[in-house]
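The structures considered in this document are given below.
You will see subunit A twice below: alongside subunit B first, and alongside subunit C after that.
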Partner chain A sequence: MWVYEKKLQYPVRVSKCDPQMAKLLIEQYGGADGELAAALRYLNQRYTLPDRVIGLLTDIGTEEFAHLEMIATMVYKLTKDVTPMQLREAGLGGHFADHGYDLYPHNAAGTPFMAPYFAAKGDPITDLYEDIAAEEKARATYQWLIEMTDDVDLQDSLKFLRQREVIHAIRFREAVEILKEYNDTQRVF
Partner chain B sequence: MDQTQWRFYETYRSPYDPCPPLEPKRFIVPPNQYIVFQPENLPQCTPMQALQLGTLWPVLYSPYDHGDWRG
Partner chain C sequence: MAQFISESYYQDLHELQAIDFVLVELTLYLDTHPADANALAQFELFQRGKKNLVAQFEHRHGPLYHYGEGKGGAGFAWAKGPWPWQV
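Right, the complex of A and B next:
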(Lines of atoms letter the chains of each structure in order from A and count residues from 1; the text may use other names and numbers.)
(Lines give C-alpha, C1' and ligand atoms only; values in the text may rest on other atoms or scores of the structure.)
Protein backbone atom coordinates (compact mmCIF):
# COMPACT_ATOMS: atom_id res chain seq x y z
CA MET A 1 0.00 0.00 0.00
CA TRP A 2 1.12 3.53 -0.63
CA VAL A 3 0.39 6.96 0.75
CA TYR A 4 0.26 9.63 -1.92
CA GLU A 5 1.54 13.12 -1.30
CA LYS A 6 0.14 15.54 -3.81
CA LYS A 7 3.40 17.26 -4.60
CA LEU A 8 6.54 16.52 -6.53
CA GLN A 9 9.61 15.09 -4.85
CA TYR A 10 11.61 18.04 -6.18
CA PRO A 11 10.26 21.12 -7.99
CA VAL A 12 10.12 20.96 -11.76
CA ARG A 13 10.49 24.23 -13.57
CA VAL A 14 10.79 24.52 -17.32
CA SER A 15 11.68 27.96 -18.67
CA LYS A 16 12.26 27.40 -22.36
CA CYS A 17 9.51 26.54 -24.85
CA ASP A 18 11.34 23.60 -26.37
CA PRO A 19 8.93 20.79 -27.32
CA GLN A 20 11.78 18.92 -28.98
CA MET A 21 13.24 18.33 -25.52
CA ALA A 22 10.04 16.48 -24.58
CA LYS A 23 10.82 13.92 -27.25
CA LEU A 24 14.20 13.31 -25.60
CA LEU A 25 12.96 13.37 -22.00
CA ILE A 26 10.41 10.66 -22.76
CA GLU A 27 13.35 8.23 -22.75
CA GLN A 28 13.33 8.42 -18.96
CA TYR A 29 9.55 7.88 -18.91
CA GLY A 30 9.12 4.74 -20.99
CA GLY A 31 12.66 3.74 -21.98
CA ALA A 32 14.55 0.60 -20.96
CA ASP A 33 16.43 2.44 -18.21
CA GLY A 34 13.62 4.85 -17.43
CA GLU A 35 11.82 5.47 -14.19
CA LEU A 36 8.85 3.23 -14.99
CA ALA A 37 11.11 0.28 -15.76
CA ALA A 38 13.10 0.95 -12.59
CA ALA A 39 10.06 1.22 -10.34
CA LEU A 40 8.51 -1.99 -11.66
CA ARG A 41 11.85 -3.81 -11.63
CA TYR A 42 12.53 -3.16 -7.95
CA LEU A 43 8.97 -3.56 -6.74
CA ASN A 44 8.77 -6.90 -8.55
CA GLN A 45 12.17 -8.25 -7.49
CA ARG A 46 11.66 -7.49 -3.80
CA TYR A 47 9.36 -10.43 -3.12
CA THR A 48 11.97 -13.10 -3.59
CA LEU A 49 15.07 -11.31 -2.31
CA PRO A 50 16.44 -12.04 1.20
CA ASP A 51 14.39 -10.01 3.65
CA ARG A 52 17.35 -7.88 4.74
CA VAL A 53 17.20 -5.95 1.45
CA ILE A 54 13.46 -6.03 0.65
CA GLY A 55 12.85 -2.72 2.39
CA LEU A 56 15.52 -1.06 0.28
CA LEU A 57 13.90 -2.26 -2.93
CA THR A 58 10.50 -1.02 -1.72
CA ASP A 59 11.88 2.40 -0.86
CA ILE A 60 13.84 2.88 -4.07
CA GLY A 61 11.04 1.46 -6.23
CA THR A 62 8.66 3.93 -4.63
CA GLU A 63 11.03 6.83 -5.18
CA GLU A 64 11.27 5.88 -8.86
CA PHE A 65 7.53 6.55 -9.15
CA ALA A 66 8.16 10.00 -7.70
CA HIS A 67 10.79 10.51 -10.41
CA LEU A 68 8.34 9.25 -13.04
CA GLU A 69 5.98 12.05 -11.98
CA MET A 70 8.73 14.62 -12.36
CA ILE A 71 9.55 13.46 -15.88
CA ALA A 72 5.84 13.43 -16.75
CA THR A 73 5.55 17.01 -15.47
CA MET A 74 8.48 18.13 -17.64
CA VAL A 75 7.05 16.50 -20.76
CA TYR A 76 3.58 17.85 -20.06
CA LYS A 77 4.82 21.38 -19.55
CA LEU A 78 6.81 21.25 -22.77
CA THR A 79 3.93 20.00 -24.94
CA LYS A 80 0.63 21.19 -23.49
CA ASP A 81 0.63 24.64 -25.11
CA VAL A 82 2.11 23.69 -28.46
CA THR A 83 -0.01 23.43 -31.61
CA PRO A 84 -0.13 20.18 -33.60
CA MET A 85 1.90 21.82 -36.38
CA GLN A 86 4.57 22.91 -33.91
CA LEU A 87 4.68 19.39 -32.49
CA ARG A 88 5.20 18.09 -35.99
CA GLU A 89 8.06 20.53 -36.54
CA ALA A 90 9.61 19.38 -33.25
CA GLY A 91 9.65 15.77 -34.45
CA LEU A 92 6.63 14.82 -32.34
CA GLY A 93 4.28 14.34 -35.30
CA GLY A 94 4.31 10.57 -34.88
CA HIS A 95 3.48 10.92 -31.21
CA PHE A 96 0.62 13.29 -31.90
CA ALA A 97 -0.78 11.04 -34.62
CA ASP A 98 -0.85 8.13 -32.18
CA HIS A 99 -1.53 9.74 -28.80
CA GLY A 100 -2.56 13.36 -29.29
CA TYR A 101 -1.47 15.38 -26.27
CA ASP A 102 -1.43 12.35 -23.98
CA LEU A 103 1.82 11.14 -22.52
CA TYR A 104 2.81 7.65 -23.48
CA PRO A 105 5.50 5.35 -22.08
CA HIS A 106 7.87 4.91 -24.97
CA ASN A 107 11.52 5.69 -25.48
CA ALA A 108 13.03 8.61 -27.36
CA ALA A 109 12.96 6.58 -30.56
CA GLY A 110 9.24 5.83 -30.15
CA THR A 111 9.46 2.16 -29.13
CA PRO A 112 6.66 1.47 -26.61
CA PHE A 113 7.49 0.39 -23.07
CA MET A 114 8.06 -3.34 -22.80
CA ALA A 115 7.83 -5.72 -19.84
CA PRO A 116 11.28 -7.27 -20.58
CA TYR A 117 12.72 -3.96 -19.33
CA PHE A 118 12.14 -5.03 -15.73
CA ALA A 119 14.50 -7.93 -15.56
CA ALA A 120 14.09 -10.58 -12.88
CA LYS A 121 16.55 -13.45 -12.77
CA GLY A 122 15.71 -14.94 -9.40
CA ASP A 123 19.30 -14.80 -8.14
CA PRO A 124 19.80 -12.07 -5.53
CA ILE A 125 23.34 -11.09 -6.55
CA THR A 126 22.42 -11.12 -10.23
CA ASP A 127 19.29 -9.06 -9.64
CA LEU A 128 21.14 -6.49 -7.56
CA TYR A 129 23.88 -6.15 -10.18
CA GLU A 130 21.13 -5.63 -12.73
CA ASP A 131 19.78 -2.87 -10.50
CA ILE A 132 23.18 -1.23 -10.07
CA ALA A 133 23.63 -1.25 -13.84
CA ALA A 134 20.16 0.21 -14.32
CA GLU A 135 20.93 3.08 -11.96
CA GLU A 136 24.23 3.80 -13.69
CA LYS A 137 22.53 3.74 -17.08
CA ALA A 138 19.85 6.11 -15.83
CA ARG A 139 22.55 8.39 -14.46
CA ALA A 140 24.26 8.42 -17.85
CA THR A 141 20.94 9.12 -19.57
CA TYR A 142 20.36 12.12 -17.30
CA GLN A 143 23.83 13.36 -18.16
CA TRP A 144 23.04 13.16 -21.87
CA LEU A 145 19.75 14.95 -21.32
CA ILE A 146 21.42 17.73 -19.31
CA GLU A 147 23.91 18.20 -22.12
CA MET A 148 21.13 18.52 -24.69
CA THR A 149 19.36 21.49 -23.09
CA ASP A 150 20.45 25.01 -22.15
CA ASP A 151 17.39 25.57 -19.94
CA VAL A 152 19.05 26.01 -16.54
CA ASP A 153 15.81 25.36 -14.64
CA LEU A 154 15.21 22.09 -16.44
CA GLN A 155 18.85 21.21 -15.90
CA ASP A 156 18.39 21.83 -12.19
CA SER A 157 15.61 19.23 -11.91
CA LEU A 158 17.55 16.78 -14.08
CA LYS A 159 20.64 17.21 -11.92
CA PHE A 160 18.59 16.29 -8.85
CA LEU A 161 17.44 13.12 -10.61
CA ARG A 162 20.98 12.31 -11.76
CA GLN A 163 22.20 12.58 -8.17
CA ARG A 164 19.42 10.29 -6.91
CA GLU A 165 20.52 7.63 -9.40
CA VAL A 166 24.03 7.80 -7.93
CA ILE A 167 22.64 7.37 -4.41
CA HIS A 168 20.50 4.44 -5.47
CA ALA A 169 23.48 2.73 -7.09
CA ILE A 170 25.46 3.13 -3.85
CA ARG A 171 22.58 1.68 -1.80
CA PHE A 172 22.35 -1.31 -4.15
CA ARG A 173 26.09 -1.89 -3.86
CA GLU A 174 25.68 -1.88 -0.10
CA ALA A 175 22.87 -4.40 -0.46
CA VAL A 176 25.25 -6.69 -2.34
CA GLU A 177 27.75 -6.39 0.54
CA ILE A 178 25.00 -7.15 3.06
CA LEU A 179 24.08 -10.29 1.14
CA LYS A 180 27.72 -11.38 0.91
CA GLU A 181 28.05 -11.18 4.69
CA TYR A 182 24.67 -12.79 5.16
CA ASN A 183 26.03 -15.73 3.25
CA ASP A 184 29.04 -16.00 5.57
CA THR A 185 27.17 -15.83 8.86
CA GLN A 186 26.21 -19.05 10.50
CA ARG A 187 22.50 -19.39 10.96
CA VAL A 188 20.77 -21.89 13.15
CA PHE A 189 17.09 -22.51 12.56
CA MET B 1 -20.26 25.68 -38.35
CA ASP B 2 -21.71 23.85 -35.39
CA GLN B 3 -19.78 25.00 -32.33
CA THR B 4 -22.17 23.28 -29.90
CA GLN B 5 -20.45 19.91 -30.42
CA TRP B 6 -17.28 21.17 -28.79
CA ARG B 7 -16.59 21.09 -25.08
CA PHE B 8 -14.05 23.45 -23.61
CA TYR B 9 -12.07 23.22 -20.43
CA GLU B 10 -9.32 25.13 -18.75
CA THR B 11 -6.20 23.59 -17.30
CA TYR B 12 -3.97 24.84 -14.54
CA ARG B 13 -1.70 27.58 -15.79
CA SER B 14 1.52 28.09 -13.96
CA PRO B 15 3.13 31.53 -14.01
CA TYR B 16 6.25 29.61 -15.06
CA ASP B 17 4.82 27.69 -18.01
CA PRO B 18 7.47 27.70 -20.75
CA CYS B 19 5.19 28.16 -23.76
CA PRO B 20 2.51 30.81 -24.40
CA PRO B 21 -0.94 29.49 -23.43
CA LEU B 22 -2.96 27.37 -25.82
CA GLU B 23 -6.32 27.69 -24.12
CA PRO B 24 -8.96 26.56 -23.75
CA LYS B 25 -8.44 22.85 -24.26
CA ARG B 26 -11.25 21.24 -26.22
CA PHE B 27 -12.70 17.94 -27.26
CA ILE B 28 -15.64 17.03 -29.44
CA VAL B 29 -18.83 15.23 -28.49
CA PRO B 30 -20.23 14.23 -31.89
CA PRO B 31 -24.03 13.94 -32.26
CA ASN B 32 -24.05 10.13 -32.40
CA GLN B 33 -23.25 10.20 -28.65
CA TYR B 34 -26.83 11.39 -28.09
CA ILE B 35 -28.54 9.05 -30.56
CA VAL B 36 -28.00 5.76 -28.79
CA PHE B 37 -30.75 3.90 -30.63
CA GLN B 38 -31.25 5.35 -34.05
CA PRO B 39 -34.96 6.15 -34.53
CA GLU B 40 -36.73 5.17 -37.72
CA ASN B 41 -37.81 7.59 -40.38
CA LEU B 42 -35.19 10.26 -39.68
CA PRO B 43 -34.92 12.96 -42.32
CA GLN B 44 -32.46 11.98 -45.00
CA CYS B 45 -30.02 13.86 -47.20
CA THR B 46 -30.21 13.80 -50.94
CA PRO B 47 -27.96 11.10 -52.43
CA MET B 48 -25.41 13.72 -53.51
CA GLN B 49 -25.34 15.33 -50.05
CA ALA B 50 -25.04 11.93 -48.42
CA LEU B 51 -22.04 11.10 -50.57
CA GLN B 52 -20.40 14.36 -49.64
CA LEU B 53 -21.10 14.10 -45.88
CA GLY B 54 -20.47 10.37 -45.54
CA THR B 55 -23.85 9.77 -43.89
CA LEU B 56 -27.44 9.55 -45.05
CA TRP B 57 -28.74 11.32 -41.93
CA PRO B 58 -27.96 14.98 -41.32
CA VAL B 59 -28.47 14.57 -37.55
CA LEU B 60 -25.47 12.23 -37.43
CA TYR B 61 -23.13 14.58 -39.25
CA SER B 62 -20.35 16.38 -37.43
CA PRO B 63 -18.26 18.97 -39.26
CA TYR B 64 -15.44 18.68 -36.66
CA ASP B 65 -14.81 22.33 -37.33
CA HIS B 66 -13.04 24.13 -34.53
CA GLY B 67 -11.14 26.78 -36.41
CA ASP B 68 -7.63 27.74 -35.44
CA TRP B 69 -5.93 26.09 -32.44
CA ARG B 70 -4.76 29.47 -31.30
CA GLY B 71 -8.31 30.83 -31.71
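Right, the complex of A and C next:
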Protein backbone atom coordinates (compact mmCIF):
# COMPACT_ATOMS: atom_id res chain seq x y z
CA MET A 1 0.00 0.00 0.00
CA TRP A 2 1.23 3.46 -0.82
CA VAL A 3 -0.18 6.85 0.07
CA TYR A 4 0.20 9.76 -2.32
CA GLU A 5 1.07 13.30 -1.30
CA LYS A 6 -0.25 15.98 -3.63
CA LYS A 7 3.08 17.79 -3.96
CA LEU A 8 6.52 17.33 -5.50
CA GLN A 9 9.43 16.34 -3.26
CA TYR A 10 11.33 19.43 -4.49
CA PRO A 11 10.15 22.28 -6.76
CA VAL A 12 10.50 21.85 -10.53
CA ARG A 13 10.66 25.07 -12.54
CA VAL A 14 11.77 25.57 -16.11
CA SER A 15 12.54 28.96 -17.63
CA LYS A 16 11.84 28.05 -21.28
CA CYS A 17 10.35 25.43 -23.59
CA ASP A 18 13.14 23.05 -24.58
CA PRO A 19 12.01 19.84 -26.31
CA GLN A 20 15.63 18.89 -27.08
CA MET A 21 16.34 18.81 -23.34
CA ALA A 22 13.13 16.85 -22.72
CA LYS A 23 14.39 14.19 -25.14
CA LEU A 24 17.60 13.88 -23.09
CA LEU A 25 15.84 13.97 -19.69
CA ILE A 26 13.62 11.04 -20.65
CA GLU A 27 16.74 8.91 -20.02
CA GLN A 28 16.03 9.31 -16.30
CA TYR A 29 12.36 8.39 -16.82
CA GLY A 30 12.63 5.11 -18.74
CA GLY A 31 16.38 4.45 -19.08
CA ALA A 32 18.48 1.69 -17.48
CA ASP A 33 19.61 3.89 -14.56
CA GLY A 34 16.45 6.01 -14.47
CA GLU A 35 14.04 6.55 -11.61
CA LEU A 36 11.46 3.98 -12.75
CA ALA A 37 14.12 1.26 -12.97
CA ALA A 38 15.50 2.26 -9.55
CA ALA A 39 12.10 2.30 -7.83
CA LEU A 40 11.05 -1.08 -9.22
CA ARG A 41 14.48 -2.65 -8.67
CA TYR A 42 14.57 -1.84 -4.95
CA LEU A 43 10.92 -2.60 -4.31
CA ASN A 44 11.32 -5.94 -6.10
CA GLN A 45 14.52 -6.90 -4.26
CA ARG A 46 13.18 -6.12 -0.79
CA TYR A 47 10.88 -9.17 -0.51
CA THR A 48 13.74 -11.63 -0.13
CA LEU A 49 16.40 -9.47 1.56
CA PRO A 50 17.25 -9.93 5.28
CA ASP A 51 14.84 -8.01 7.55
CA ARG A 52 17.54 -5.62 8.69
CA VAL A 53 17.68 -3.81 5.31
CA ILE A 54 14.06 -4.13 4.08
CA GLY A 55 13.11 -0.76 5.59
CA LEU A 56 15.90 0.99 3.67
CA LEU A 57 14.94 -0.62 0.34
CA THR A 58 11.29 0.26 0.92
CA ASP A 59 12.07 3.88 1.75
CA ILE A 60 14.58 4.50 -1.05
CA GLY A 61 12.33 2.70 -3.55
CA THR A 62 9.45 4.93 -2.50
CA GLU A 63 11.57 8.09 -2.78
CA GLU A 64 12.45 7.08 -6.35
CA PHE A 65 8.76 7.38 -7.24
CA ALA A 66 8.90 10.98 -6.01
CA HIS A 67 11.91 11.50 -8.30
CA LEU A 68 10.05 9.87 -11.21
CA GLU A 69 7.29 12.44 -10.69
CA MET A 70 9.87 15.27 -10.74
CA ILE A 71 11.38 14.03 -14.03
CA ALA A 72 7.90 13.64 -15.52
CA THR A 73 7.11 17.21 -14.46
CA MET A 74 10.29 18.47 -16.16
CA VAL A 75 9.46 16.68 -19.42
CA TYR A 76 5.83 17.84 -19.25
CA LYS A 77 6.76 21.47 -18.64
CA LEU A 78 9.45 21.49 -21.34
CA THR A 79 7.10 20.14 -24.03
CA LYS A 80 3.55 21.19 -23.16
CA ASP A 81 3.55 24.37 -25.27
CA VAL A 82 5.56 23.22 -28.29
CA THR A 83 4.06 22.34 -31.69
CA PRO A 84 4.31 18.90 -33.31
CA MET A 85 6.72 20.40 -35.87
CA GLN A 86 8.98 21.67 -33.06
CA LEU A 87 8.90 18.21 -31.48
CA ARG A 88 9.92 16.72 -34.82
CA GLU A 89 12.79 19.18 -35.14
CA ALA A 90 13.91 18.22 -31.60
CA GLY A 91 14.13 14.57 -32.60
CA LEU A 92 10.85 13.66 -30.90
CA GLY A 93 8.97 13.00 -34.16
CA GLY A 94 9.04 9.24 -33.55
CA HIS A 95 7.75 9.78 -30.03
CA PHE A 96 4.95 12.06 -31.20
CA ALA A 97 3.89 9.65 -33.97
CA ASP A 98 3.33 6.89 -31.41
CA HIS A 99 2.45 8.73 -28.19
CA GLY A 100 1.43 12.31 -29.00
CA TYR A 101 2.07 14.52 -25.98
CA ASP A 102 1.90 11.56 -23.55
CA LEU A 103 4.99 10.61 -21.60
CA TYR A 104 6.46 7.21 -22.36
CA PRO A 105 9.21 5.29 -20.55
CA HIS A 106 12.07 5.00 -22.97
CA ASN A 107 15.67 6.16 -22.87
CA ALA A 108 17.19 9.20 -24.61
CA ALA A 109 17.86 7.07 -27.70
CA GLY A 110 14.23 5.85 -27.86
CA THR A 111 14.68 2.27 -26.55
CA PRO A 112 11.59 1.33 -24.49
CA PHE A 113 11.88 0.49 -20.78
CA MET A 114 12.92 -3.13 -20.18
CA ALA A 115 12.53 -5.54 -17.24
CA PRO A 116 16.26 -6.54 -17.29
CA TYR A 117 16.93 -3.14 -15.63
CA PHE A 118 15.54 -4.67 -12.42
CA ALA A 119 18.69 -6.67 -11.60
CA ALA A 120 17.71 -9.38 -9.13
CA LYS A 121 20.40 -11.99 -8.55
CA GLY A 122 19.09 -13.63 -5.40
CA ASP A 123 22.28 -12.82 -3.49
CA PRO A 124 21.81 -9.88 -1.08
CA ILE A 125 25.37 -8.51 -1.23
CA THR A 126 25.42 -8.79 -5.03
CA ASP A 127 22.07 -7.02 -5.30
CA LEU A 128 23.21 -4.20 -3.02
CA TYR A 129 26.46 -3.71 -4.96
CA GLU A 130 24.28 -3.46 -8.07
CA ASP A 131 22.20 -0.81 -6.27
CA ILE A 132 25.29 1.21 -5.29
CA ALA A 133 26.45 1.10 -8.92
CA ALA A 134 22.99 2.15 -10.12
CA GLU A 135 23.01 5.19 -7.84
CA GLU A 136 26.51 6.19 -8.97
CA LYS A 137 25.52 5.78 -12.62
CA ALA A 138 22.39 7.89 -12.09
CA ARG A 139 24.51 10.54 -10.35
CA ALA A 140 26.80 10.65 -13.41
CA THR A 141 23.82 10.90 -15.77
CA TYR A 142 22.44 13.85 -13.78
CA GLN A 143 25.83 15.55 -14.05
CA TRP A 144 25.83 15.11 -17.85
CA LEU A 145 22.28 16.46 -18.03
CA ILE A 146 23.18 19.51 -15.91
CA GLU A 147 26.06 20.25 -18.28
CA MET A 148 23.75 20.11 -21.33
CA THR A 149 21.39 22.92 -20.29
CA ASP A 150 21.80 26.60 -19.49
CA ASP A 151 18.37 26.77 -17.80
CA VAL A 152 19.32 27.60 -14.19
CA ASP A 153 15.85 26.66 -12.85
CA LEU A 154 16.07 23.21 -14.44
CA GLN A 155 19.67 22.84 -13.24
CA ASP A 156 18.54 23.53 -9.67
CA SER A 157 16.06 20.62 -9.70
CA LEU A 158 18.59 18.33 -11.42
CA LYS A 159 21.22 19.17 -8.80
CA PHE A 160 18.78 18.16 -6.05
CA LEU A 161 18.26 14.79 -7.77
CA ARG A 162 22.02 14.34 -8.28
CA GLN A 163 22.63 14.86 -4.55
CA ARG A 164 19.93 12.36 -3.61
CA GLU A 165 21.81 9.71 -5.62
CA VAL A 166 24.89 10.45 -3.50
CA ILE A 167 22.94 9.92 -0.26
CA HIS A 168 21.30 6.73 -1.53
CA ALA A 169 24.70 5.30 -2.48
CA ILE A 170 26.02 6.07 1.02
CA ARG A 171 23.04 4.34 2.67
CA PHE A 172 23.41 1.28 0.40
CA ARG A 173 27.11 1.07 1.31
CA GLU A 174 26.08 1.03 4.99
CA ALA A 175 23.53 -1.68 4.20
CA VAL A 176 26.32 -3.83 2.72
CA GLU A 177 28.26 -3.53 5.99
CA ILE A 178 25.12 -4.43 7.97
CA LEU A 179 24.66 -7.54 5.80
CA LYS A 180 28.29 -8.56 6.22
CA GLU A 181 27.91 -8.40 10.03
CA TYR A 182 24.65 -10.34 9.74
CA ASN A 183 26.37 -13.02 7.64
CA ASP A 184 29.14 -13.31 10.24
CA THR A 185 26.69 -13.85 13.10
CA GLN A 186 24.86 -16.53 11.07
CA ARG A 187 28.04 -18.59 10.77
CA VAL A 188 28.32 -21.55 13.13
CA PHE A 189 31.84 -22.42 14.34
CA MET B 1 -5.69 23.52 -15.82
CA ALA B 2 -4.50 27.13 -15.99
CA GLN B 3 -5.76 28.45 -12.67
CA PHE B 4 -4.74 31.25 -10.39
CA ILE B 5 -2.30 30.12 -7.73
CA SER B 6 -1.64 32.45 -4.82
CA GLU B 7 1.80 33.46 -3.62
CA SER B 8 0.96 31.96 -0.19
CA TYR B 9 0.44 28.55 -1.84
CA TYR B 10 4.06 28.57 -3.00
CA GLN B 11 5.33 29.78 0.38
CA ASP B 12 3.37 27.13 2.31
CA LEU B 13 4.40 24.44 -0.19
CA HIS B 14 8.04 25.43 0.19
CA GLU B 15 7.85 25.14 3.99
CA LEU B 16 6.26 21.71 3.66
CA GLN B 17 8.91 20.54 1.17
CA ALA B 18 11.66 21.80 3.48
CA ILE B 19 10.40 19.92 6.55
CA ASP B 20 9.73 16.82 4.43
CA PHE B 21 13.30 16.89 3.21
CA VAL B 22 14.51 16.64 6.81
CA LEU B 23 12.10 13.77 7.49
CA VAL B 24 13.05 11.79 4.36
CA GLU B 25 16.73 12.29 5.13
CA LEU B 26 16.32 11.21 8.77
CA THR B 27 14.21 8.21 7.75
CA LEU B 28 16.95 6.83 5.48
CA TYR B 29 19.59 7.57 8.12
CA LEU B 30 17.59 5.81 10.85
CA ASP B 31 17.09 2.80 8.55
CA THR B 32 20.82 2.12 8.87
CA HIS B 33 21.39 3.76 12.31
CA PRO B 34 18.31 2.68 14.33
CA ALA B 35 20.11 3.07 17.68
CA ASP B 36 20.95 6.77 17.22
CA ALA B 37 18.78 8.34 19.93
CA ASN B 38 19.63 11.91 18.88
CA ALA B 39 18.49 11.29 15.31
CA LEU B 40 15.32 9.64 16.58
CA ALA B 41 14.56 12.62 18.83
CA GLN B 42 15.14 14.98 15.89
CA PHE B 43 12.84 12.82 13.76
CA GLU B 44 10.04 13.03 16.31
CA LEU B 45 10.49 16.78 16.67
CA PHE B 46 10.19 17.39 12.92
CA GLN B 47 7.32 14.90 12.69
CA ARG B 48 5.31 17.07 15.10
CA GLY B 49 6.27 20.15 13.07
CA LYS B 50 5.05 18.48 9.90
CA LYS B 51 1.66 17.65 11.43
CA ASN B 52 1.11 21.34 12.16
CA LEU B 53 2.24 22.42 8.69
CA VAL B 54 0.02 19.84 6.97
CA ALA B 55 -3.03 20.96 8.96
CA GLN B 56 -2.30 24.59 8.07
CA PHE B 57 -1.69 23.77 4.39
CA GLU B 58 -4.85 21.66 4.03
CA HIS B 59 -6.92 24.35 5.72
CA ARG B 60 -5.68 27.00 3.28
CA HIS B 61 -5.16 25.10 0.03
CA GLY B 62 -7.07 21.82 0.16
CA PRO B 63 -6.29 18.14 0.78
CA LEU B 64 -2.76 16.74 0.46
CA TYR B 65 -3.62 13.06 1.00
CA HIS B 66 -6.13 10.56 -0.36
CA TYR B 67 -7.77 7.33 0.90
CA GLY B 68 -9.00 9.02 4.07
CA GLU B 69 -5.52 10.05 5.23
CA GLY B 70 -6.50 13.70 4.84
CA LYS B 71 -9.67 15.70 4.49
CA GLY B 72 -11.94 14.99 1.53
CA GLY B 73 -12.66 18.71 1.35
CA ALA B 74 -15.85 20.46 0.22
CA GLY B 75 -17.03 19.17 -3.19
CA PHE B 76 -14.36 16.46 -2.79
CA ALA B 77 -11.56 18.96 -3.24
CA TRP B 78 -9.03 16.11 -3.23
CA ALA B 79 -9.79 15.36 -6.88
CA LYS B 80 -9.38 18.98 -7.96
CA GLY B 81 -6.16 20.66 -9.06
CA PRO B 82 -3.72 22.08 -9.00
CA TRP B 83 -1.72 18.87 -9.35
CA PRO B 84 1.99 18.91 -8.54
CA TRP B 85 3.16 19.20 -12.17
CA GLN B 86 0.76 22.08 -12.87
CA VAL B 87 2.31 24.55 -10.44
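Operating definition for what follows: the second predicted complex is superposed on the first by the 185 of 189 C-alpha atoms of A that agree within 3 Å, B and C clash if a C-alpha of one lies under 4 Å from a C-alpha of the other, contacts with A are read in each partner's own complex, and residues count from 1 in each chain.
Here is the rule we use: a residue touches a chain if its C-beta (ideal position, glycine included) is under 8 Å from a C-beta of that chain, and two chains touch if they have at least 3 such contacts.
Here the structure is a predicted model, which is why all the values come from computation and not from measurement.
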item	value
First (subunit B), second (subunit C), both or neither touched by A:Glu5	second
Partner chain in contact with A:Ser15 - subunit B first, subunit C second, else both or neither	first
Which superposed partner A:Lys77 touches (first subunit B, second subunit C, both, neither)	both
First (subunit B), second (subunit C), both or neither touched by A:Val176	neither
Chain touching more of subunit A, residue-wise (subunit B, subunit C)	C
Which of subunit B and subunit C A:Asp59 touches, first, second, both or neither	second
Touching both subunit C and subunit B, counted on subunit A across the two superposed complexes	77
Residue numbers on subunit A that touch subunit B, as the complex places them	13-19, 77-78, 80-84, 151, 153
Residues of subunit B that touch subunit A when the two form their complex	11, 14, 16-23, 69-70
Residues on subunit A engaged by subunit C in the complex (per definition of touch)	3-12, 53, 55-56, 59-60, 63, 69, 72-73, 76-77, 167-168, 171, 174-175, 178
Touching residues on subunit C, where the partner in the complex is subunit A	13-14, 16-17, 20-21, 24-25, 27-29, 31-33, 63-67, 69, 78, 83-85
